[in-house]
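The structure is given below, and queries will be raised subsequently.
Every chain is named by a letter (A, B, C and D) in the order it is written, and numbering of its residues begins at 1.
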Amino acid sequence: MNNIPFKGVIAYPVTPFDQNENIDLPLFKKQVERLVTSGSHAIAPLGSTGVMPYLNDTEKEAITEATMQQVAGRVPTLVGVSNLTTERTIYHAQFAEKAGATAVMIIPMSYWKLSDQEIIKHYDSVASKISIPIMVYNNPATSGVDMSSNLLKRLLEIPNVTMVKESSGDVQRMHYLRRELGEDVAFYNGSNPLALAAFSAGANGWCTAAPNLIPELNIALYNAIQENDLQKARELFYQQMDLLKFIVAKGLPRSIKAGLDLLGIGGGHFKSPLNALNENEVEELKNILKTLNYNIEE
Amino acid sequence: MNNIPFKGVIAYPVTPFDQNENIDLPLFKKQVERLVTSGSHAIAPLGSTGVMPYLNDTEKEAITEATMQQVAGRVPTLVGVSNLTTERTIYHAQFAEKAGATAVMIIPMSYWKLSDQEIIKHYDSVASKISIPIMVYNNPATSGVDMSSNLLKRLLEIPNVTMVKESSGDVQRMHYLRRELGEDVAFYNGSNPLALAAFSAGANGWCTAAPNLIPELNIALYNAIQENDLQKARELFYQQMDLLKFIVAKGLPRSIKAGLDLLGIGGGHFKSPLNALNENEVEELKNILKTLNYNIEE
Amino acid sequence: MNNIPFKGVIAYPVTPFDQNENIDLPLFKKQVERLVTSGSHAIAPLGSTGVMPYLNDTEKEAITEATMQQVAGRVPTLVGVSNLTTERTIYHAQFAEKAGATAVMIIPMSYWKLSDQEIIKHYDSVASKISIPIMVYNNPATSGVDMSSNLLKRLLEIPNVTMVKESSGDVQRMHYLRRELGEDVAFYNGSNPLALAAFSAGANGWCTAAPNLIPELNIALYNAIQENDLQKARELFYQQMDLLKFIVAKGLPRSIKAGLDLLGIGGGHFKSPLNALNENEVEELKNILKTLNYNIEE
Amino acid sequence: MNNIPFKGVIAYPVTPFDQNENIDLPLFKKQVERLVTSGSHAIAPLGSTGVMPYLNDTEKEAITEATMQQVAGRVPTLVGVSNLTTERTIYHAQFAEKAGATAVMIIPMSYWKLSDQEIIKHYDSVASKISIPIMVYNNPATSGVDMSSNLLKRLLEIPNVTMVKESSGDVQRMHYLRRELGEDVAFYNGSNPLALAAFSAGANGWCTAAPNLIPELNIALYNAIQENDLQKARELFYQQMDLLKFIVAKGLPRSIKAGLDLLGIGGGHFKSPLNALNENEVEELKNILKTLNYNIEE
């Protein structure tokens, strides 16, 4: 289907800064290049991993454009454009479309919990201003809103709302989604430790920052599922489970940047108040990567 | 291994009463017979489904003995013997062993949350008084105690504590258990809606009351997993998912008894204050069973 | 009102055992005597503090009778008679009435979450078999059932159901109860750390094990409230707050028994698997009591 | 103390928009004037009630300046300047100081949960750039971070961090704060339904949007506490409790604006996706206000 452009491993890059807290675009492009060449099936800048909420408009636009330049059509792109206000969400969605994004991802960000009517109007307003597909993102932990399957059904009636990303961390919700929304609706797993369970449940893809560190294992897991080989998938999952749990427990931007430093690629600096992992945490990550046979620069 | 006697579908019978709230042993035996002949791999009386905590000692003993008589060694048996006090737990564990049970299941029941030391001493005391294997049961929702993997590791050092049943409803705990305890430890899933996810994660078996109603589907799911056919397992899981969710949402004893009535086998009465499903709930269950092509007596 | 026999500080004794795990009745009577003479306004045996769920029928009956003998009508008594089955609840309620209890306390114990209809029938059945007042006890943490104010309203329509004890630990529920049930309904606080907030909200009394250790402070707090002296009540509350938090955090039976040992009265032994506080915890309790100027036997 | 400039009722205005979603400054000033003349002890623009996170920099600055002009030194002011990034927080704090704010309020906003070290550095960085006092705001529900009393202690060592606002909705945390931080630390209640419990616990003030609707009742409650008249305070609290619960349950901006419309003052429009209460909710609010004898324009 034209408007469901994603399957497999959708990779989320970080946003690297220099020491003055300005975006380091050359390093960003290097990281994106590595995600593409190591086999990820799509690139998703300005996600949680990309600390999108901490960026100003200029920074968001620079990251969007740099992604398009570097990916250059080799794989589809999914740009995060969520914002507290409808007006700003439209602005960034239109920017992404004009820049060449394949699709946009929108979570109903909220400081004040939104009603279903407010959420519907929000997506309706944005969808009517762009023509590329929208992935609805449900993540109660960060948005403060847990969208019901009835609400998701309603949102999927909007013509270019065609995909759902579920990150509540409960595999039963994925079962329920697929049951309620039907097999035709594309749903994506956004919870790394549920990678095996979500693919078993029939997820179309896995939205993850892990390919910044262990792309081979992530893609091999997807391939085993495609080959209907559960035993192999299980084995691959248990191999990478410690890494998946670590990056979620310590925070994706911090742990991915630390891992990129350890792998010699470079993770870049942070924007305050966010800061790097402490030494013990870096040591723990180093041990996990070594166990997986990655070469660590000492 | 001799002391890990279970795999596959471990079926939990209800405890039927007559109108005077006395146990209906003939009906119980009929229900057990059906569980055995429809292919369940083990029978587990006096579980939550069997409303064990509501029974007095005489009733527990009658159910234990009736199970042994009816099963007659055709499949292994797992008898629930949990009790708030160590003294009564020992009593019932010894009774079960003497009656011929293959193994006993023990959850650390608590009114006052137990410390790790208290739990270890409890299992130690019981284990030293019997020689059949013990399955440790973790279910924070009913016991009030969530046993850590460290504690479970310690309990598994007791020679005849050989199995773990996990019912917290979070598949990530199963991943963690297998990771921490090693592949040799037998772990069992006690959460019906997680049947697919738990088998995908490598569970040895599924402790469930569902075979009272849909034994063919339950066993087919296990067989698909054994055949490493994830697509078939997924399809079978989605077929039975509504039934699995219903019996958990409405309470196992109530929903299984209602289903046994609908199927013409008879579920029996309840012990107060527990009571039957209401009419709307029965109607809902009837529709689920009809969708699965079961013949319902109208 | 004749059927609201309690106000002020309702004291909960522990149940002491000897080294063979038999009830130590002489020690129990000594503890009860101290509760009465130190000014508690009522005595409530067989509560959570009295580890009622761990006792067999004989033990419950012995404790009930010993309480009546020792109190000898000097203050009213409130006997816990809750049980999973309706039949056993009736049995113990009738025993308490015959023994001379002023009232009984009943929590809707549940292994399987009860429906509102099941709870109503349970209270109706018990209430119709006794003529003394019943205090309904809401404590979702131990019973697994959180009774709504609508359900409580319905229960209070049963003639001898006249009091509500609220232990959810949320003062807003007490506000709501009083608002919904009206000022005439007697409500009691069962959460020690909420003593000040609950009295401020208008609670008729405080159900507590603390008078085993610090009766003077507990009663002084109630008196300050009676005198409408908020500043004094606040000061008294902050004085005893550490003790109140400690006994809740460590478990009432364990911490009260340890305190009784420290005070030279004697707390008695436990029934397995329950066990004593560890040394560090006892040291912490000793320091709290010393700060409150209690003499500790070293 | 010079650097603890607040006590009593600290009133939070809304931010009214016109139909084109531009700020309606004349209406804002009218609302602020009413808060001052009806007796509030301080004015706090750009709080949650003022939908600060939805405003761009220009809008925030306009609201800050309009507040200073309208209040004109009659009562102290507390301006919200929280932001996800340290750089923007400093910017807005400096703007507020220059505009004449008495103090600023800062919550550690987070998309990615901050470590204690990150939070300390954030407050340190901001505090070193301004000379007016800072109120630390703890509200895990909106910030995603629950600051421990140890962390709060550390933050209070920063010279111009002098006040704590607690909005977790648990009165036990206020007890604990006062106990751990000492009586000299000024703590403020930010949870409307806890107004009585928090004042009973010794809170210095009440941060609330309620004075937009019922200023007389809010101030009378504070006065009763000052007079040590618990019975009167309790009575006043129960009078206003339904209103306090309503505005929290329905969201402060929505319910306060609806109330201002009902009272004939005018609440203004919203910024999308936020929207007005529905008709049933407005009707409910109307009934609550009528019960409190407010004149409602029909």
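Keep in mind that, in the parts below, a residue touches a chain if its C-beta (ideal position, glycine included) is under 8 Å from a C-beta of that chain, and two chains touch if they have at least 3 such contacts.
Just so you know, these numbers come straight off a predicted model, no measurement behind them.
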Practice task
Could you tell me which chains are in contact with chain A and with chain B alike?
Solution key: none
Exercise for the section: Starting from the Cα centroid of chain C, hunt down the chain whose centroid lies farthest away. Expected result: A
Fill in the blank from the handout: chain A to chain C, mean C-alpha position gap in Å, rounds to 52
Fill in the blank from the handout: For the pair chain C and chain D, the C-alpha centroid-to-centroid distance in angstrom is 39
Handout entry: Length of the line joining the C-alpha centres of chain B and chain C, rounded to whole Å
Key = 35
Completion exercise
Residue ranges of chain B touching at least 2 other chains are none
Exercise for the section: Considering only which chains touch which, label the overall pattern as line, ring, star, complete or other. Expected result: ring
Handout entry: Which chain pairs touch, all of them
Key = A-B, A-D, B-C, C-D
Exercise for the section: Name, in rising order, each residue of chain B that touches chain C in their complex. Expected result: 21, 48, 51, 53-54, 84-87, 108, 111-115, 117-119, 121-122, 125, 142, 144, 251-254, 271-275
Problem - Complex interface listing, chain B residues touching chain A - result: 169-172, 175, 178-179, 193-194, 196-197, 200-202, 225, 228-231, 233-234, 237-238, 241-242
